[in-house]
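Below are two complexes that have chain A in common, paired first with chain B and then with chain C.
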Partner chain A sequence: MEKIKPGLSDYLEFNKYRAINLMHIGRMAAKRGPFDLHRDLKRYPWLLDLLKVNSLLQRLVKGRSGNYRTAVAMVLGGVVDGVIELLEGIFYRSDHLILHEDLLPPEIFRAMGLQPWVPELLGILLPMIVPDSMQKYLDAAENEGIPPDICSLPRATIGMAMKNAFPPPLAVVSSNLPCDGGMSSYTVIAQQTKKPAYWVDVPFDFKSERALNYFAGELKAMIAWLEEHTPGKMDWDRLKEICDKRNVMAELELDIWDMIRQRPAPMAAEAVWMSHLWFFNVNPGYDTSIQLLADLKSLTEENLATGISAVSHEKYRALLWNPPTLHYVDLLVLAERTYGVSLILDSMSFNRQPFIDTSSTDSMLKSLGSIIMQGPMARHTRGPAEMNYFPDIFHMVKHFDLNMVWVAGHIGCKNTQAMSGILQEKCRDAGIPLLVIDYDLMDSRITPKEGIQEQVGNFMENIMKARRLD
Partner chain B sequence: MNNGRYYGGCDVGSTTGKAVILGSEGIVGSSLIPSEIDPEITARHALEKACASVPGLEGIQGLSYLIGTGYGRNEVPFASENISEISCHAMGAFWCDPSIKTIVDIGGQDMKAIALADDGSVREFAMNDKCAAGTGRFFEAMSRIFRMDLDEFSKLSLSARKTIPVTAQCSVFAETEVISLLAKRNPPADIAAGIQNAVGKRCFTLLKRVGLKPHLTVTGGCAKNQGLLMELRRLFQIDIAPMTVDPQLIGALGAAILASRKK
Partner chain C sequence: MDIDKWFSELLDEPVNELVQKAIDEGQIPIGYFCSYVPDVMLSVDGLFPVRMRAPGIAGTELADNYMSSVICSYTRSLLEFALDGRYDFLQGWVFAASCDHLRRLYDNLEYLRQPGFSRILDVPHKTGDAAITWYTGELRLLAQALADHFGCDMSADSLRTAIREHNRFSAILSHIGEHRKSDHPVMTGTEYHRLVITSSSSPKKALIPILEKIRDDLQTRAPLPPHRARLLLVGGHLDDPGYIGIIESQGGLVVGDRLCTGSYPGLMPIPETGDPIAVLAKHYLTRTSCPRMMEAFRERAEDIVSLARECRADGVVIQMMKFCDTWAVEVASFVSYIREAGLPVLHLERDYRLGGEGQLRTRIQAFIESIGK
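What follows is the complex of A and B.
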């Protein structure tokens, strides 16, 4: 392992963000008071795992220094702030609470004055903090007869629903994305919560104008349904404001992406993927999200201007395809320190159409629909792969000057599992080294972190001929 | 290679420990011993035995450079360096025959398919290290059911008149299936052919992942299984290039070659 000794300022930055995280948590605890807090912890036992977020901070800043370290800590701090805001929402605005699937635009719910809660969110966040945190929910779902071979994210979500781990909503909104497992999880959630549910029909052919119009019509119908079943009322001016601000975020992100094209990259890994994951999918159009991306851009610019790379001794530049290895999210820290691998960008962040046309209500709905249909988990799970899957991968490899593609081969994702074999052949023809990591997104019992390390080690040492830096 | 200098490669496998010593005239010593529980002891014994067969070489300390490989390679403290067995098998096979483009390595507890680049380095690989089916351990278990030693069992399918399919994917269930087939008085040779066929199909799946290009060779202990080689030839419709060196030593040989390149 490359020995990087963080300086005094690095320690101070780390402690600053540790204190900020504790402050966010303390703010909520103080607001709730001991009685309510005790009741909340009993009602939602997963809160205890969320409270351990500083252990994740510690793992993610390990071996990182300077602006890169600050950026990673800052992004995680922003996520913590956002989670606390969501929690406050379920405690204090439960009369506006809806559960919605992660591939529906949160901008709409915010504009309607609703308090959205994405059930999948916990399945994404918790294993990053406590790697085995979802196992009890996975087992709970299986014990109730949910097939063990469906994706562990909806399976864990079903387990949580069965254990009554979600806040009681007014309504449930879902869609036919991204997969059968995802759809079935919302059937269970609707049954468990005994609340009215609405399914948005997203057209399969995401490329045509007709499909966009259809999706926009579906979103309109969803809004009407929500207005009927919840106190939410659509405020189109508010939606325009949110979308305008989201466009500012997208501009900032594109500026960052432009800078990370440079070799060595001035920013990498969580600063890139986690910032997109949270701020674009959960908190789009927030002033705090804009500020965070602006700060991230400044840190990146500063590194670029002074010739400092995020990963010291960057030797390899990687593209991560699929969601990151949630139960071993510090894999990238290891890859940086052991082989000098810099994770430049990931498929979950990449979107060819990030902007929203705010000129009319229809154009906003169509753009929001387009972002979803052209985004991860939709565009790439619909064929033909020759037109979207492979061109996107090869475009990113070329555009960002990457050395290799890492596919987090989540064993539960049948859509992408099928693609990996074909991708292998395509990459072989294109001369792009490809690593497919066999693992499960959130169940470390399938492939523990040591197994992931071994796969990465075998690939780096045998295919990339990398020498360990330790 | 400099005169009077010796280079060692030690492949610490799950079932056997192998060592190869290279001198200026090529392979000057080698050994193959059953593995001990402690990989360090396996490595030491294998190397001491190989070194003892080289006149003028004063034990392990006399080696100019030593590379450890195999699953136990990280437990060999006296090695100058450790290198993955995937690269070592590629280099060993390439040294024996530079026309080799694809390798199937079947060891005691895993199976690998390795595609080689023109310089003998690894272009792609795929491995099965989670399941015992199709590994040396599986053949050991099968030969026990047939009350035969491994050598005898490996030849059994050569006299088969037909192939009785063994459909279980798991070695534990395959064992049960084979016992049941024997109990039904099916000819042992035909059942053995089914076993070789099941393993051959596993090899084929792995090879498909890396892309099968001639020439193909088989390394590892199971490369000595004649029934399996015959089945692989039949399944792949391709000849299997023989190695000029004991195929079980290829990993250790590759390690020794890589060691000899460290000046």
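What follows is the complex of A and C.
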């Protein structure tokens, strides 16, 4: 494999995407006009942090080159585009706005003509851009009695609700996913918004036909409830169209996953995980999502055909278990440059139910239900672990030819913490090196980035006996 | 016989004298972990239920290695006891997938130490018709599994008998508990909790004559000396009467409880007609009042306020296990709701193992003083 370093074309490419992001932002600002923009910034102070997205771009492309660099910039550009579309939704379609928990299917809300807003979204995006951006919301929740041991994502989301940081919805829809903390947070969110709320129940042992029917029934009941409490009306043809397009996205993603099985991998990190996180969870079934995944596939194919490795000096191939280290999301950039670690795939992207059967309304609901129940977070926080948790880890290690498992050991994720002992024993038995990074998902006061770097460095040098490349 | 002392001793070990006697007589002990598990189904035809406890746990070093130290200490304590072989007398256990911590305890026990019979019930997070139908299905599968494994009679008649016996037992215990609510109570909350916890961790049949005698004796018992305040105790799992003892040592008499392991709603009678499994599913799903159930915050909050008024409580003490996500988030809202209803409220976080007694005393003293008592 040829090793490449950032060159002039890489810098031009970076500036192109930086300009595109600025153009998207500028277009929205111009559309709002100075008066509304001023009011928006006052009403939603987190907009100021979102505006700094190019600082994230700069951190993510650092030291990366060629198609890999382009792919990362392109995915982030797609996210910016998607965020702006969501913002336009809250500005111009607030009469159709609902808040929904992040694991519920946006396909259904879109097909109903509703404007969805995921409260957790900002807790995921903002710390990537501005690492300490959620601390004020975490503190706000704690000041109102929410204990600091609750996962910081629902805790920050509660804090945002308490600080009235969300757009006012018509209704709130939630579920018992992904964990007790996430589920409970919606009791507070519903109280804060003072709007009608509906909860969808997801079974614990989700693989039986009985469970699938139960959950499809729950989704049907949710649709009926939304039709009663919002202007949304289910358009089944529209749902089919969205699901068909999502299937196209899934095919493209599976093609990319096939290619990254190769050693060294022609694509890695954000190009893989961030594309799944955003386009499948927020913008499924969009033409722009299909186009982006198709472009991503082309870039990957090109790298594969020309023998170019995404990560120069790929020496180690890692699986990331749990969400990425949000407040230090460029950890992977450091790991690539320092030790030649290539992040191939992560638990949030990998899933076992990619396609939707669009042959009937029932089959669509069942497939969407199955995607949710078999999806990341849902599948891994319910049971039994012997069937859902460990098999996925060891399957991914084998299937993607990985050298190591990195667990982003978010202190608030009790579902993962309680599996740590068994995972250590199983990895030891299987001869798979395991790194558990002790940190908090979005609160850098718990473990600052230097602390994360130290843990990674200790693991790579003492366990993997890796030599630094820098 | 010193009844108080005898009941205290019954709580000292998972295998107390009554449990041992029942085992010697050929009865089969089955452990259960949560109020959503219908213990009535474990009381049929030679089976008897034992609510899982870890009395006198000294530390959870082994369990922490597996579950980490940020998991609820009740589940870690149970894992520690299991790893120590303290539950080896059980021939099976039944879990409820009621919270993340219990689900993960189940996963750890499946890996580390499985009894002959192990089952986890998929408890819905709602109480509507679809959820009740689902849970009925779960209980039918449990009944079949118990019948297959132990050869016990899980027929409708057998279950109806168990329900009747359960109701008879609960009626006696409820009657005793009512004595706490009178203007001049004759029984402390500590004494009562001791009876309730013993009842859930021992064969009930052996306790009936003793409880009947206690019930009758209470009619003539002298009222307790005056206390500074009447308190309603609210929260999840609490199986150590010593905790209530500390509250009462500071002058706060616990005149009512709304605990997972307490009298309300646990002792409410079960309907004796209809398909017993469907009846049990509906009863256990709807009567158990846990913050894990979505959509029902207001009902739970109203329930606490109305129970406090019924008990003429001067204040409400909410105790919850540290790291319990569902209670932790809900309590923040409960506190505001109860205060808005005009009732003073104290929120306490605790570990499963009784500790920090001095701090608890101080908090209770301060609370009682703050309500002007």
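Quick note on the criterion: the second predicted complex is superposed on the first by the 465 of 470 C-alpha atoms of A that agree within 3 Å, B and C clash if a C-alpha of one lies under 4 Å from a C-alpha of the other, contacts with A are read in each partner's own complex, and residues count from 1 in each chain.
We take it that a residue touches a chain if its C-beta (ideal position, glycine included) is under 8 Å from a C-beta of that chain, and two chains touch if they have at least 3 such contacts.
Because the structure is predicted, anything quoted here is derived from the model rather than measured.
Aligning the shared chain A places chain B and chain C next to each other free of steric conflict. In the overlay built on the shared chain, the residue A:S94 is in contact with neither chain B nor chain C.
Once the two complexes are overlaid on the shared chain, A:G383 sits against chain C while remaining clear of chain B. Of the two partner chains, chain C is the only one touched by A:T187; chain B is not.
In the overlay built on the shared chain, the residue A:T361 is in contact with neither chain B nor chain C. Of the two partner chains placed by the overlay, only chain B lies in contact with A:K465; chain C stays clear of it.
A count of residues in chain A touched by chain B and by chain C gives the higher number to C. In the superposed pair of complexes, A:G421 makes contact with chain B and with chain C alike.
After the chain A superposition, the centres of chain B and chain C are separated by 70° when viewed from the C-alpha centre of chain A, nearest 10. Taking the two complexes aligned on chain A, the least Cα distance separating chain B from chain C is 6 Å.
Residues 421 of chain A lie in contact with chain B in one complex and with chain C in the other.
Looking at the complex, you find that chain B touches chain A at residues 83-84, 86-87, 90, 121-125, 127, 209, 211.
The part of chain A that touches chain B in the complex is made up of residues 421, 424-425, 428, 457-458, 461-463, 465. Touching chain C in their complex are the following residues of chain A: 144-147, 149-151, 154, 158, 174-176, 179-181, 183-188, 191, 197-199, 201, 203-205, 210-211, 214, 217-218, 221, 381-386, 389, 411-412, 414-415, 417-422.
Interface of chain C with chain A (complex): residues 65-68, 70-71, 97, 99-101, 103-108, 110-111, 120, 122-126, 130-131, 134, 137, 291-292, 294-295, 297, 322-323, 325-326, 328-333, 335, 347, 349.
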